[in-house]
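Next come two complexes, and both contain subunit A; in the first it sits with subunit B, in the second with subunit C.
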Partner chain A sequence: MAAELVAAVGGMTVEQINASQMGMKALGAGIAVGLTGIGTGIAEMGIGSAAVGAVAENKDMFGLALLFTVIPETIVIFGLVVGLLVLFL
Partner chain B sequence: MVGVKNISAPYIYVCTRMRVRKAKLLPKEEYMRMLNMSLPEITRFIGETEYKQEIDELATTFKGIDLIEVALSWNLAKEYQKIQEITPGNLKQFTQAYLRRWDIQNVLTILRGKMQGVKAGKIKEILVPAGSLDANVLDRLLPEESIERIIDSLKGHRMYPVLAREYPAAKEIGSFSRMENELYKQFYAEILAEGEGGIKGGNLFLDFIKLDIDIKNIKTLFRLRADTFKEDAREMHIIGGALSATDFANLNNIDDQGEFIDQLKAKIRQKLLLSLLEDMRSEKTIRDVEVRLTRVQLEQMERMSKRNPISIHPILVYLEKKKYEVFNLRALARGKESKLPSEKIAEYLVV
Partner chain C sequence: MLAPKRMSRLLIAASRDQMAPVVAELYRHNLFHIEEFVEAGAEGYEGFKIGTPLSGASEASVDLVKIRAIENSASIQGDDIDSAKTCTRVELQSRIERELPVLEKEVEDLTIRRSKLETRVKENEQKIAEITPFLTVPVDLDLYRGYSGFGVFAGYVAHEVTLSVPCEMSYSPGKEKNFIVIVAPVGQRNEVERALQDAAFQSVQIPEESGAPQVRIDYYSADISAMKSEIAEIHQKLDDVRMKHSGFLVACEEYLRAEVEQTEAPLRFATTKQTFVAEGWVPTENVDAVTDALVKVTNGKIYVTVLPIDFEHDNVPVEYNNPSFSKPTQVLIDVFNRPRYTEIDPTLMVSIVFPIFFGLILGDVGYGLILLVMAFGLRKFFKGDEGRHLLDVLRNASISTIIFGLLYSEFLGFPIPGLKPIMFSRHLMAEAAEEGGAVAGHGPMIPELMVLSIWIGILHISLGRILGMINHARQDHGEHRTKAVMANFGWLAVMWGILIAIWSIAALPLMPNLTGLPKIISVVNVGGIIGAVLIVAGIVFIARDSLLEVVEIPTIISHVLSYARIVAVGLSSVAIAMVVNFIAIGMFIEPQLKNFTIFSIFIIIAGLVIFLLGHALNTALGILGGGLHSIRLHYVEFFTKFYKGGGVKYIPFGMKRRFTED
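The block that comes next holds the complex of A and B.
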């Protein structure tokens, strides 16, 4: 009875609050992955175009260029980890 | 975020390609090794570097010094055309504008060759079709019988008004030097206008051109000092650099070397150039002065390209360095052909 009263204070039921919290978590996870994805994209734009330029001139640089290009992937991985933590912890 | 806002991927791509190509240019040690080689050894050595394709293609048609000369010219033209193909947007416009200087060189080579009665095939060997006049246009100019007809066939080209205006006087005195001055003046005025046209990146292009003009004007001043004939200095001055026409004429009238250097230093801002001028207080040969000024110019350009790594600078620095590599190899080959001692040839190299 008391719990129902507290929940009703905001004009919301317990189920509604739980659903809202889940929605906020999903939104947070989405923002974490989305923004880090954009950051990675921006970082890879420069490195990737320089890498393609270098490989076009010297094929031997392919391995190294590929390695440098994927380094900013770590940023989006951090975002993914944060997203997963938000969703499941 | 500044970098993200102002720099696009194609710019980074091209600038990186230019930097890699610059790294592939021959280092000083290779020139020193070549100084101890004979002409066939130099040909073989060049054939193992970036010039392999040209040497292989031309080896059946040409021999000795001709093979090197033609291979170098072909390679330079191919390289410059390739760069014009891969540069994007505004960079392409600036690169093409900068390479228009080769139009002047090619047309003057043809005119001078025709005046001296050199065969068309021989003239063609030293043309570098890197500017707006491509190999097809130059091939059409070469078989023309008279200089008047060559100039007429250039009707509609930006050089035509100057060529038509200056040719009668050149014909009379038998020298194209005044025409050459006028063509270069027109060229610099046009590229300065292009840089000032409000196009993005134009100010960086202007910095580069102004440095080029300054070095050219200083070289002219030193040449005039070494020359025994008194000529009108204003005619040889190129507008747009740190030296105005009046400064230029005044500097030319100073006889004392120390005073000349002091006055010149007061007009110049670049540190590298200032320390070089200080070094030149003692009289030096004109060849030495020119080579040292070119070295300073290349070094200053290199610094500018490092300060603005994603701009027109890395492209222009590569164009210049490639040009001097070809000049060096040509000087080396010609020196060896003429049996000059290695020390003498080394003086002519810009490394």
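The block that comes next holds the complex of A and C.
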């Protein structure tokens, strides 16, 4: 009751506050995934082009090249994990 | 299993006149991996020389080149043809002598004729391109030439030109460029050129033609279409050749390849004037069979012995030794690197764990069924071994996807009615499940799923470290051996130390709770102390092997957390499936079914198209996500703990005959 009153004073109902909190969470999750995605992209840019060059020279390099290329992928996975935790915890 | 096939180093010595039967016998067995003889600096081989090819080598290779040329022009590939042993050796030999020259002539004539026609088509197209600008000028082409008192200017200008000198001008504005033709007295040439230069004039060559431009273009176009139909006819004929002779040609190629390889084998042996010596590798289980066969074929005039293996210097060729269930996975290991002879072969483990990871990530009955159908349906198009193996890997992965789909209770993103998720739920909308009623409402159990994936990571990495200890114990010597084994133990200790320390501080779902242990100093309890001791001891062990490695300690956390992708990527595919379902059914189909009009039919069809496209996209993403991420977890997180690879592939001297008989 008291919370409702305070909220009503602030010009918002409890539902509104809850909804905006959810919205903020969603925004946070989106930013976490988006920024880490960009980070991964930038990191993989250089590695990827070098890896393709190496594979073009020597096909046996493929495994190693793939390995190097996907190393920064962990960054976006961290982002995804953080996003999920923010949304559902 | 877990180790490559055992190999024995075989030395074969005999007099030179036994070379041909020995080579043929070795080739037939398809077991002997020849260790190539290098003249310079071969120890114990002073005075030996590289051998010379057997008789018939050059004829066979000439024929082989011819056959390959024919196959090339008729685009025949052995891999695309089902194997059928149709011809015997004698039959083939006589057919090669009889039919090959005729066939070669036929195909050569056709290809020469084709390339001539193609050149002429190009020439004509060029001519058409030259004439086309003049289409807008209503003057015959021969009127552009042959003046002594006049100069003709033709080309493109940026804008219209006005000339103060007397001249004939035709200006035709175009979309991108404007075409202009000017005929002016020779005396005024300079002025005309200056005016044209101001208008950014680009000269066009006047074609050496006569008659109206349109007529000439029609003439050349007709010529081109005639030649094109002739080319199509040639293609038809080459197709006929392929239909009629492909079986014969691939059989010939195989036969001749075998001939060439056998006759050229002495180039890899060490020889003297009278004798030859061949060294190579044979799987230990086959040594007796090969030796007996060689003795028999030479009537005992041969010396065969097994040499001891020197692991320091010998490059033992590696052949996988796996149960048939794991064989397809060898493709994935070869992509990374073939194991070395002394190393643990991880194929079996990957063949079990890879499908499980794939299933955990994709985990959907619907997608699993689609992939299963694909794995069987695409077999028609993949006739090579490698492609087939990849499809087998996909088959195993899709079966695991179906099983995990049942455990998660998912079908194309929908909950399966009447089936509660046996494993932790991944349904993103708890409400939706409640409304359906059949499945008790449970939102995604993110913390549980996350901890589960962390557990998988911990166990997988621990297994990797233990294998690393075994590998180092096997491969290294002396002091370094102990240090390397202890360093691996140190990595394990740090990881488990961190875990125990965390457990003693916080209670986590699905993990042991050590917070209740007796406290020692303020918040630190017995668990915390044990954890700290393990961490410190581990760091010491790691540092003793290599101080630089200490910098890498944070990777323990990042590698374990990296397994969270199993949940993260999986949830993203569930989310995409649900979004597709919501757009297609919730937004397009359902509202229309409630208020049905004639117009609704189109919207419902659009909804169905969205449904199909969306799920097709998600299937493709599922293969990429599920496959790439599972294999990456193996390559990056698992293999780096113990596996180096770099073994030499075992390539036995001989061939698997597909089209010919021995």
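In this text, the second predicted complex is superposed on the first by the 87 of 89 C-alpha atoms of A that agree within 3 Å, B and C clash if a C-alpha of one lies under 4 Å from a C-alpha of the other, contacts with A are read in each partner's own complex, and residues count from 1 in each chain.
Definition applied: a residue touches a chain if its C-beta (ideal position, glycine included) is under 8 Å from a C-beta of that chain, and two chains touch if they have at least 3 such contacts.
Because the structure is predicted, anything quoted here is derived from the model rather than measured.
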With the two complexes overlaid on their shared chain, look at subunit A and say whether subunit B and subunit C clash or fit. fit
Subunit B versus subunit C, judged by how many residues of subunit A each one touches: C
Using the touch definition from the top, say if A:Leu85 reaches subunit B (first), subunit C (second), both or neither. second
Counting only touches as set out at the top, which of subunit B and subunit C does A:Met45 meet: first, second, both, neither? first
Taking the superposition on A as described, I'd like to know which of subunit B and subunit C A:Val14 touches: first, second, both or neither. neither
In the superposed arrangement, does A:Gly53 touch subunit B (first), subunit C (second), both or neither? first
First, second, both or neither for A:Val70, with subunit B first and subunit C second: second
Which partner does A:Phe62 reach: the first (subunit B), the second (subunit C), both, or neither? second
Roughly what angle, nearest 10 degrees, sits at the C-alpha centre of subunit A between those of subunit B and subunit C? 50
Once chain A of both complexes is superposed, is A:Met22 in touch with subunit B (first), subunit C (second), both, or neither? neither
In the overlay, subunit B and subunit C get no closer at Cα level (Å) than 8
Common interface positions of subunit A, toward subunit B and toward subunit C: none
Subunit A residues within the subunit C interface of the complex: 62-64, 66-67, 70-71, 73-74, 77-78, 80-81, 84-85, 87-89
Once bound in the complex, which stretches of subunit C touch subunit A? 335-337, 443-444, 446-447, 450, 558, 561-562, 564-565, 567-569, 571-572, 628, 632, 635-636
Subunit B residues touching subunit A - in the complex, by the definition given at the top: 3-4, 7, 9-10, 12-17, 20-21, 24
Which of the residues in subunit A come into contact with subunit B in the complex? 42, 45-46, 48-50, 52-54, 56-58
